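Structures are listed in the sections that come next.
Two complexes are shown next, each including subunit A; its partner changes from subunit B in the first to subunit C in the second.
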Partner chain A sequence: MRERKRFSPWKDKDFMRMLAVTAFIFAAMSILRPQLFLRETNFTSMGYQIPELGFYSLAMMMVMITGGRDLSIVSIGNLCCIVAAYIMHGAVEQGISGPGAWVYILGGIAAALAVGAACGLINGLVVANFSVPPMLVTMATSSIFMGIGIILTEGKTVSKTPAEFTYFGNHTLLGLPYMLWLLILTILATALILNRTQFGFDVRMVGSNAKASHYTGINVNRVLVKAYLYSGVVCALCGLEILARTDTAKSDYALTYTFQAILCAVLGATNPNGGFAKVSCMVLSLAALQFLSSGFNMLRLGGYFKEFTWGLLLIVVLSLEYLSQELKRKQSLRELARRHQKKP
Partner chain B sequence: MKNIVTIQDMYKSFFGVVAMDGMNFSINEGEIRCLVGENGCGKSTLIKMISGFYAPDEGSLTINGTPYKRITPAESIANGIQVIYQDFSLFPNMTIAENIMMYDTVAKKRPFIHWKAMRKRAVETLERIHFQIDPDLYVSELNVAQKQMVAICRAIVQEARLLIMDEPTTALTTKEVSKLFDVVAALKAHGVSVLFVSHKLDEVLEICDSITIMRNGKNVYDSQKGDKVLSKEEIIFYMTGKRFSNATYDFRDPGEAPLMEVEHYTMRGAFQDVSFSLRKGEILGITGLLGCGRGELAESLFGLIPADSGSIRINGREAGIFRKVDDALAHNIAYVPEDRLTEGLHLDQSIADNAVSRIIGRFAGRTGLLDIKGLSRQKEESLSSMSVAGMKPQNPAKSLSGGNQQKIVLIKWLASNPDILILNCPTVGVDIGAKNDIHGIVRSLASEKGVGVIVISDDIYEIMQLCNRVLVMKDGKISMETDVRNTTMEQLETYLASEEEGGAAS
Partner chain C sequence: MKRLLKHNEALLFLLFVAAVLLFSLVNPQILTLANFYSLIRSSAIPAIFALSIMLVMCCGGFDMSFGMIGAFSSYVVMFYLTENGKLDTPVLFIFLAAVCIAVLLQLFNWVLIDKLNLQPFITTLGTQSLLKGLLLAFISTSYIYVLPHQVTKLGMTYLHTATYADGIEAQLHVVVVFMAVMYAAMHLILQYTNFGRQVYAIGGDVDAARRAGINVSQVRFLVFVIAGVICGVGGVMHDAAARCSLPIPADLVGKELNSIAAVVLGMGSQKKARGSVLGTLLGVFLLQFITGNLIMLGVPSYFQQAVSGLFIFIGLIVQMAGSGRKPRRKGGANHEGA
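On to the complex of A and B.
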């Protein structure tokens, strides 16, 4: 951690590098397709697309700080989505609307959050108490959570929730979609948790060396459980977002988000070995990825290029990091040579 | 006399840190040269330069008369240079014979392995250094000394002309060390040169023909074969550039009830019936040979591994057995672990964060948010409590040298104002300058703040310099207890050595 007093994102090299990359992509797309990319409708449409990956990336990031991977995020999100859809659908089925529907809506939201929390708790307890790699644990629970979803829905799609709820998935407030506001609030809360709470401090410590944390008297298991709990709750938010926007719930919706979330987190300066993450960088990487995929759509290359360009972007950013380190090394060499020459 | 390796005016830096700053070095055929220096003075860099792992930024490297701009590991091996690292780099899942012949089998790139010939050559090599052992044993079953012999065999089977040994005696008993020295002498008789890198000055003085002393990335003293032998004090002076005193710790009993009383503490397979008491302001040393149970005792006193029976009394009050770390923390006990790299520090995290990691909870307000101002004041205060050279608080802890890292571990614990401080091998791999600093800090903690200190160490010099009372452990039991004023370093060493003889005979 840098000294908080002096912290400024403009001095942070990860942030500046990501900012440059994001600005470059933005500029390139604006120049290539100015009449499409720079239109207000494009920004609104990107605002609707960002939250899903945003929530999942936050969930993944928190687990990655502990040094683990949460492969169950999408399964948790879908399960929460299904549970909420069932409850909210009750209102539509009985023809209730207006204030009465809100009982169902709030019930659905509460249930989704509870399910997300429970799933996260299960992940956390298993990871903390059995010495099994988190990746294996969450791979297994992912299968279980998805299985529950399939059993509940019999593999079908659940749809039709009250219009009062889906309104928030398809309308804007002050020019930004409601769900983007929810994501922004979640991001701010996450930044606060990571930088201003004891949990945020402890989770970094545990991530960089669990044994030393134990020897320092940090309750490692409790920290791990909390991290997975956070992840589960954020996945539940994502499930709700999907439901509000698409008005459908499916047990196998958008499974590729798992790896995209890892990509986005790593791109946003989350250390895959644990111990470090920067929320500010992840926000930029979310924007960069969205600019890329929207931009490529407008270049009429279709959505097929999304995965390809995202992978490429990760490689580019990692190479930039390597090059900047190499540059620093060369500089220090020159410094040494200068010092050497000064000596008689 | 033929020259094997010569290095002139060598420079090397890593990420802005200068590791080698105008180093000169040479070693001849059949010479045993010792390389000494404090931690971080560039010894490992020098070894890695000769063995081809690092390329020098500047300077010339001449091996067997051929100048190299930079040498690759393969060329280095082809020139007969072999390095035995501290961990030996053996394959535990293979047999002794397979390990010895490893490079030979791999380098020849033949599609099939001639098992019989391979085993035969391995046996011949074992005989060459008079090492009697079954070559079909798996390396995972061997002890440290045996593993080292296997590593030596692996080196000589590749026609080693220069054998570089990095801290070869760290984990060996006195007896094993003398056996190692016999092997080294035999190698020398065959014309093999040995570069011996060590911290233990007594051993260095015993074995070497010549010595190179490094400080801050360059050689500050070189002797040649036949030169006058330096005294230990002079070597320390060259290594550190300072002179140190040798006064013992003067403990004055305040006459209060003991701080900590350990009664009949027992852990099956580790230690039995250990009883002792610790008073306020006392520094109690616990020593013993490798495997005597001192490490387990230290960890059980901090609740890391629970004892089976016995009890602990703190300030006269019964506290039972410590079953988890929280139990020990509840009685305000601090513990500096043996391995600061894996147990003591979060190496990647900043120095400042490491320093407050124990007491971060104190800065969490009612809202759960941290008091950032108070925290940064605490960081400043903690880090200024000891002199840590060249430290930037926001740099990762791994940027510090061993001694300074240990100071950060101490700072972390001292921030919590402990009543009892347990130090498990506090100065392993710490250079002499920092060692003296650390001893000074611990002494003033005990004498000024009345902290009760337990020092677990195999370093008799440390025990004598730091403690007022010492317990010697043998086979999990306390076999001797004495005031340091009633004993000398030599007596303690003799006592430990005699134990070893006895242990071997039984």
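On to the complex of A and C.
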């Protein structure tokens, strides 16, 4: 019943299309600003910028496969960031450094992951057990998580964590930032989970048809809870990444990532109706968005212009997808009609 | 009584009354006419916009761009008039211009959702981002504080004034008239016209409606036109009441989900044909009352976000938990069905 296809990126249409788009953006930016865009410093700085959106997009993608939306990703990330910052700040306050500080750092990391998992679990349990649309659930919990962050910080910014921790946010290993390595590992893990495990198979089945999967014996609720749990944990990783890089935590940091994550996932061939996603395409769309973003900065086009382009990009990509599907459908219909005519 | 409780609107109303009484036990100031007037003032604009999204949700669609469309249409008109010194333009013309722009923008949504059959939530999120960027990058980012005279006058028209015990005045703003007229008209349209019943039919089951001979595309067209009219009027009223025009007003853009929550609270647990005009109004008032009066209860302001989120969360679960526990799912299909 289960058919495993060998992964061959060169035959994959979505992958090739996205590769072409990414290459086009890269070429355009290189031609427009060759002295700035093609420099090594630019690539390093892009390497520092990519992880945030990357983590959030992965979190969004996993929920989107089930056919839902997770609008609480940024709130979860910020809440985890705040919790970790408070715990790690303890080390700085007491002037501990060296091995002692690592206790605090590991404690902070564990707490952040636990908070992320708990938030994801809440989302998942509610989505699975009550028939409230996931979008509305996560919108409400987003407000709660953000509110908890505001209560914890009283609206202020939390900063100063041990230098041992922020080192990982601002240094490179083998030419790539530590956090980019973390993202790469997470992406690989996600790809493995999606393509090589029972859960990955189930999650896609639930997304494409929940009712049918229920009748084939998949525990739909458990799959949903797991998907949201995964999303929460990845958000926690993102919170830690933000803390390591910026050394600050704030409850309303970067709220626009929700939209960007949706954009990135949809660009990366994730079906917004559920059931279908390609991690390879998402990586490309992540790179494409980053090239676009860095390139716009070098062309001195402001953030507003970026927002305009994102919206346009989303609508154009979705429309093109529809039109190409429609074209394919019509072609196959014509083909059928022709065959039908020949017969008699 | 039991039958009354089954009615979602009655239940919401009781909840509202209970909340008012409970709150006023802590602070008797809450149960004054003045506080009631300020509640109306703060709820009227969200209520108008909630009506627009309610209509779209009734026919099984979804819209995240209504706040941005309202802000966009109004700001563009105000910007044009103030830049060209045409401050004496009659207010009727301003409304008309804003409504035209808003209708055009909603029709853009209609093309994407109905003609191209795209996912409503994601598409309209795209529209929102597109409009935000368009406005800020290509039109203007400045705040307009000097509005056309008639709009300013409209913003300072009060029907009645009441005072709190400590002498602070609160007025019954004229925007309440607009809100009331729109709600009454929408109720009549949805309940007593053929079009209204068709909207509910499409919201219940698109395929069934199509087979029953309803021109789905045409009905949706009208729905988006009406939504555009509401957004246009709401945008101008928002600027009149706020006495300034901002490109991205924080109380409209980014607060869409509050309006959606109000609509969901209002529609109760009916499974299919959904969206109730009165329920939406009560939902908006309930949410505004709770979030607006937390300060008067002595809750620190940084608790507001979490508490209002918690109320929405509980409200959603209570309202929707009863409807169809079967493995329906298919994600957000309940509200996003294309």
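One rule holds for everything that comes next: the second predicted complex is superposed on the first by the 307 of 344 C-alpha atoms of A that agree within 3 Å, B and C clash if a C-alpha of one lies under 4 Å from a C-alpha of the other, contacts with A are read in each partner's own complex, and residues count from 1 in each chain.
As a convention for this text, a residue touches a chain if its C-beta (ideal position, glycine included) is under 8 Å from a C-beta of that chain, and two chains touch if they have at least 3 such contacts.
From a predicted model like this one, the values you see are computed outputs, not experimental measurements.
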Residues of subunit A touched: more by subunit B or subunit C? C
Does subunit B (first) or subunit C (second) touch A:S231, or do both, or does neither? neither
State whether A:T166 touches subunit B only (first), subunit C only (second), both chains, or neither. neither
For A:I262, is the partner it touches subunit B (first), subunit C (second), both, or none of the two (neither)? second
Which partner does A:H214 contact after superposing on A: first (subunit B), second (subunit C), both, neither? both
Let me test your reading of the model: by the given contact rule, A:M205 touches which partner, first (subunit B), second (subunit C), both or neither? first
Which superposed partner A:N123 touches (first subunit B, second subunit C, both, neither): neither
So in the superposed three-chain picture, is A:S285 touching just subunit B, just subunit C, both, or none of them (first/second/both/neither)? neither
For A:N78 in the superposed arrangement: first (subunit B), second (subunit C), both or neither? neither
For subunit A, which residues belong to both interfaces, subunit B and subunit C? 209, 211, 214, 273
As the complex stands, subunit C meets subunit A at residues 112, 116-119, 121-123, 125-134, 136-138, 141, 254, 257, 260-261, 264, 302-310, 312-313, 316-317, 320-321, 323-325, 327-336, 338
In the complex, subunit B touches subunit A at residues 11, 13-18, 22, 57-58, 304, 325-326, 329, 335, 337, 342-350, 352-353, 357-358, 360-361, 363-364, 368-370, 372, 375-376, 379, 393-394, 412
Within their complex, state which residues of subunit A touch subunit C. 66-69, 71, 126, 130-137, 139-148, 150-151, 154-155, 206-207, 209-211, 214, 220, 224, 255, 259, 262-263, 266, 272-274, 301-302, 304-312, 314-315, 318-319, 322-323
For the subunit A and subunit B complex, residues of the former touching the latter: 1-5, 192, 196-198, 201-202, 204-205, 208-209, 211-219, 271, 273, 275-276, 325, 328-329, 331-333, 335-337, 340
